[in-house]
Structures are given as C-alpha cells and as structure tokens.
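Following: one structure in structure tokens, then a few remarks.
For clarity, chains are labelled A, B, C and D in written order, and residue numbers in each chain start from 1.
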C-alpha cells in the first residue's frame, strides 16, 4: 500500500471527507488465551504524546476503499504489532460491538475530536511475538483485572477504556 | 433532514467519496413476530426498475455525518415504511452481520456497482401499519419459508437474498 | 403449569438431578428503552431474605422438559413481573452471554450453592406495567449508571452483578 | 473421565433425567480458515449406522456436572477429532445459536428421539491433524458450497443440516 493507491486520500480529501461523512474504522483488542480459549491477558499499546502524556490504546485504523474488513484488521494488526504476531482473525464478521466516536462530547461514551468514526470492534487472540512498530513505544500485557482497573482505564483516551471493558464483558472476564 | 444539512453531500462530493472510501450503511430486515418473539413474516419492498424489472429489497440507507446508527435505522425505516410502522430498534448495536458490497464482483457475495458500501445489518420487528413511501410500490410480507425460496431470492439484487438468508439463520428460521 | 406436569420434578428428583447434571436456566435483564432502542432503565427485583438481607436479582428460572427457551423466558417474566409487563422476547435465541453458576467458588464469576446451573442470558425490553409477584417485594428501575454502581452491585448475589454489567456492556451503556 | 466420575450418570439415571429435564449439549462446527480468518472448509464426521445408513454429523456431546462449557467443547473435540487437532476454542461463550432438539417433530427444525437436548453451538477452527476416533469412520472436509448442497444436507440427521447452514450464514459463507 502506497500513497498512490486509490484507497488512500490526500490530506485535503481526507479532511473534506471527515467533515462530511462517518469514517469506517476497525478496532482490535489483542489478547493472549489459554488452551480452553479463556483470555489470560490483554495487550495495550503504550504511546507518549508530544506533551509527554502517557496513553494506552487498542489496535485501530481506517478501512480503505476496496479493502475487506478482514484485510483491514490484518493490516492494522501487522502495522501495530509487527509481522510475526500471528493474529487469529475471527471467522465471523459479527463484531462484539460498534463504537461510535463523535467529534462532540456526550452523544456516546466515545469521542474523537478529528472526525465522526464508526468502529467495528473485535477481540483478536495473538500467539506470536509482538514488536510494536510505528509510533508505539511498547506493547504491555495486562490481566483482565488490571485492564479494567481505574489506573489503566484513565490512561485510555476517547472512550477506549469503555470499549475495552465491553470486550472484557464479552469474553466473560469483567467482574 | 434536508439537502442543506451538513450531513448531506452534494452529488459531486458523494461521487468523489464513493470512489475513495467505503461508505457506511445500515440495513434492516423488517419482521412480524409473535408473542414469544418468533419471526412469522419478513417484509420486502417491491420496486419496479425503469426497464420494468421487479426487485425486492430490504430497508437500507447511508449513515450521515454526526448521525447515530440508531437514528439512521429509525430514519430509513420511517422513510421506507412510513411514519406509523412502529419499529423496535434493537437494544444492542451488535449487528447479526456486516455486509461488504464491492463494486467488483466475486470478492464477497455482495455487489454494488456504484460504490464500496459496508452495511451493518439488523433484524427489526415492526408492529404498526406499514405504508411504503418513496420509490417503493408496495411492502409484501412473506413467511420465512417463502422468503428463502428461489423465487423470492432471484428477485433480490446485489446479494440481498444472501443477507436475508443470514437474517433468517440468525433468528432460527432457515431450514 | 402444575406440579403434575411431566416437566416438573419432585423435590427428590430435582435434588438428584442437581447433584448429577448441569441444570438449564434462562435469565432476563428487564429494561425500559426509548424510541431509538437505547436502554434508559434496568429493572431489578427486590427480595428480603429470611435473615433480613436485601438482595436485588434479575428474572431467572429453569427451562422445563419439552419447553422452548422462548416459552421459558415468557413464563418467568410473567411469573416475576406480572401478566401485563408486555415483554419483547428477542427474535434471535443468541444470548448476549452464557453464565455458568458453579456450586464451588472461583471457577467462574458466578456461584450457586444449590447446583451447577448454566444460564442463557437475554436483555428484554418491557413496555407494560410491572407488578412483581411471588416472593419479590418490588421491582425498582435504575439508570444504567446506578445499576453498575458499587451500591447496587453489592446487593446482587451469586455474581448477578457481573452478569448485569455484561448486559450493560452489550447494549453500550457501561462507561 | 470414567464412569465412576460424579459427572456421569448411570444408564438408568440418564434415562430418568432425559424423561424429565432438558439435557445441556455443546456442538462444534470444525472449520479450516485462511490467514484472514475466512472459512475455507467445514469438517463433517462420517458414520455408518447398524443398517448401513450413511450419516454426517457435527462434533457434539453432553456437558457434565461441574464441567465448564469450554472444557466440554475441548473434551468432545478431542474425543471426535483426536488429540492433535489443535482446536481454537472461542474467546467468548456467546454461541452463534442455541439449537433446541425435541423428542417430538415440528416444534423446532431440530429433533432427537432420545431426549430434549439444548445445544450451544460454536464454530471452531482446527489447525492440526484430525484423526476421527470412537465410532466415526472418517472426517471429510467440504467447501462451504458443498456443505450447504442438498446432497450433504440430506445426510445430516436431526436437523444438523440446518444448524450447519446457520453456522455458514454466521461466518458469511452461505450464498
């Protein structure tokens, strides 16, 4: 994928689109599972903002023109976790939820100042080595209990903490 | 909602967007249910094309900028079934499936020559009177068995027949 | 339904079965919704134990021999909420989760000292008047925020508080 | 697991229970998937009845007393597919459907002359070698198209053909 791919927008075009349409995203909650499929750990990307703020995020990104959701999930997982994370993309496209990020606060628990984004959210077991790439410093594994603790939740921006709790509820790990 | 709403695109802008991005849709399968929630009938819109072709379609339409999925579902159900259909929008946004319509054939069972559309699909019980508006001639109620028959299936364009069968499978009415 | 129905067990038989097999239950989270399907309130039954303990519970009960899940849901909703609650049983039998209650602690978040019960859990909008019957004193409506508060959670026995949070997560109301 | 395990019933006890209660089952649709999670093949067990009848079945079995659903799935997959099938048990217990097998015909699409069985159904990718054990002769892999063909469907007893179609619909492979 290069910037000349028809699936990419120029910055101007993306700016225009963001002001006029909901933008389709996929979001993945990377997890480690045991042999019985039970989630033992959740992986969160660690990012440091320009002002030094620590934030922890899920794997997330746009779906491109003419790209399948499955391929978008794979692409963003590889982009964020490296080429040998060996993600197990779900057999069904039924997401555990759909997160609606609005540029204004208070409509839903989700907020994105840049745009109205609609995100299909999946839990994705990864079995290989994860080497964060791009702008992430690290990938840190938390137990489900740690992941839903106030300490971790407050470091997750834009409502991603709520989305993570929804994922934990879906896999039966929210107590 | 009028064409001056910021959520609407001019025809030129919509054309540009359709060539560059996946467009977010919602799709509703209107159903009649009995007291135990079992689906007894499925409603399909009857349309006659400019060339006289008969087609049967689900309720379907775009999600606008800054519009919640729930509100898009309500708006399109009212647009297609009239103001007193009394639809019961689902409590959860988890769709029974996500249908990916591509402008090229064969990538998924779904096809839309105009665009790459990604559609969140829901089963929606309606309890009131349905009076089709806009360009639909009629709303016809079929039993689940009739709805999955080859006769009805072949009148559903773009893979909507497959989507209807997925809906029937989801509610336990595909035998 | 009387005790002579073949679906009923004598107390001895039920005791034997409970020691030998998982017992199938259904569980319903009664909710009030607005026109767009968004949950505004959750209904919890108030019970006072023999020792004066206050507990708040969901609608719950066994599935009988030769009884459909839909009919078991209807029967228990009517038994607990009265005959004019007008519940909207879901079109799909896909539960939002399956809660496994074990007689020993710590295997899952759910615990039932009497038995190993496996419970299919559904969110059920009710639109009519609710008049608790049987051993419940009252049905109290809570906002989603109140329902997930520690105050309410600690009054819900056997892990039903965790199940309620899963339901709220499923309908997008857990923040 | 031997017959002295408390989770097992004597034949008499099982006979009694079957006449009085719904019996809890799990059912697994074994699939092969590609890197993007898309189902490429479905595995069906081949059985020859005492009268020479060919039947094709899914992986299926009872949940025992004090056994988790995850462990019942693992146990039955290993029993039917051998010890190195390497099944990927789902992270979430939310089944794609619940199949209700009644001893009388016509209540649901599912029928079991022995009992009222309620079965939680899951799609389970398997990545290792499958060596059918017990009474199955062979495990045969079909494409989704073959699996939903009348030829295969008519060899699946008790409504398992309908359940297989529901599974294919759930993973987007029913056209």
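Keep in mind that, in the parts below, a residue touches a chain if its C-beta (ideal position, glycine included) is under 8 Å from a C-beta of that chain, and two chains touch if they have at least 3 such contacts.
From a predicted model like this one, the values you see are computed outputs, not experimental measurements.
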What's the overlap between the neighbours of chain B and those of chain C? A, D
Would you say B-D or A-D is joined by more C-beta pairs in contact? A-D
Are the two sides of the chain A and chain B contact the same residues or different ones, given that same means over half of the numbers occur on both copies? same
Between chain B and chain D, what is the separation of their C-alpha centroids in Å? 33
Per the C-alpha means, the centres of chain A and chain B lie apart by a whole-Å value of 28
Two or more other chains in contact with one residue: find those residues in chain B. 68, 92-94, 96-97, 108, 170, 172
Touching residues of chain D toward chain B in the complex: what are they? 97, 108-109, 159, 162, 165-166, 169-170, 172, 174-175
Applying the document's contact rule, which stretches of chain A touch chain D when the two form their complex? 31, 33, 35-39, 68, 70-71, 73-74, 88-94, 96, 123, 125, 170-172
Per the touch rule, the chain D residues reaching chain C in their complex are 6-7, 9, 13, 16-17, 19-24, 63-69, 92-98, 100, 102-104, 107-108, 116, 118, 120
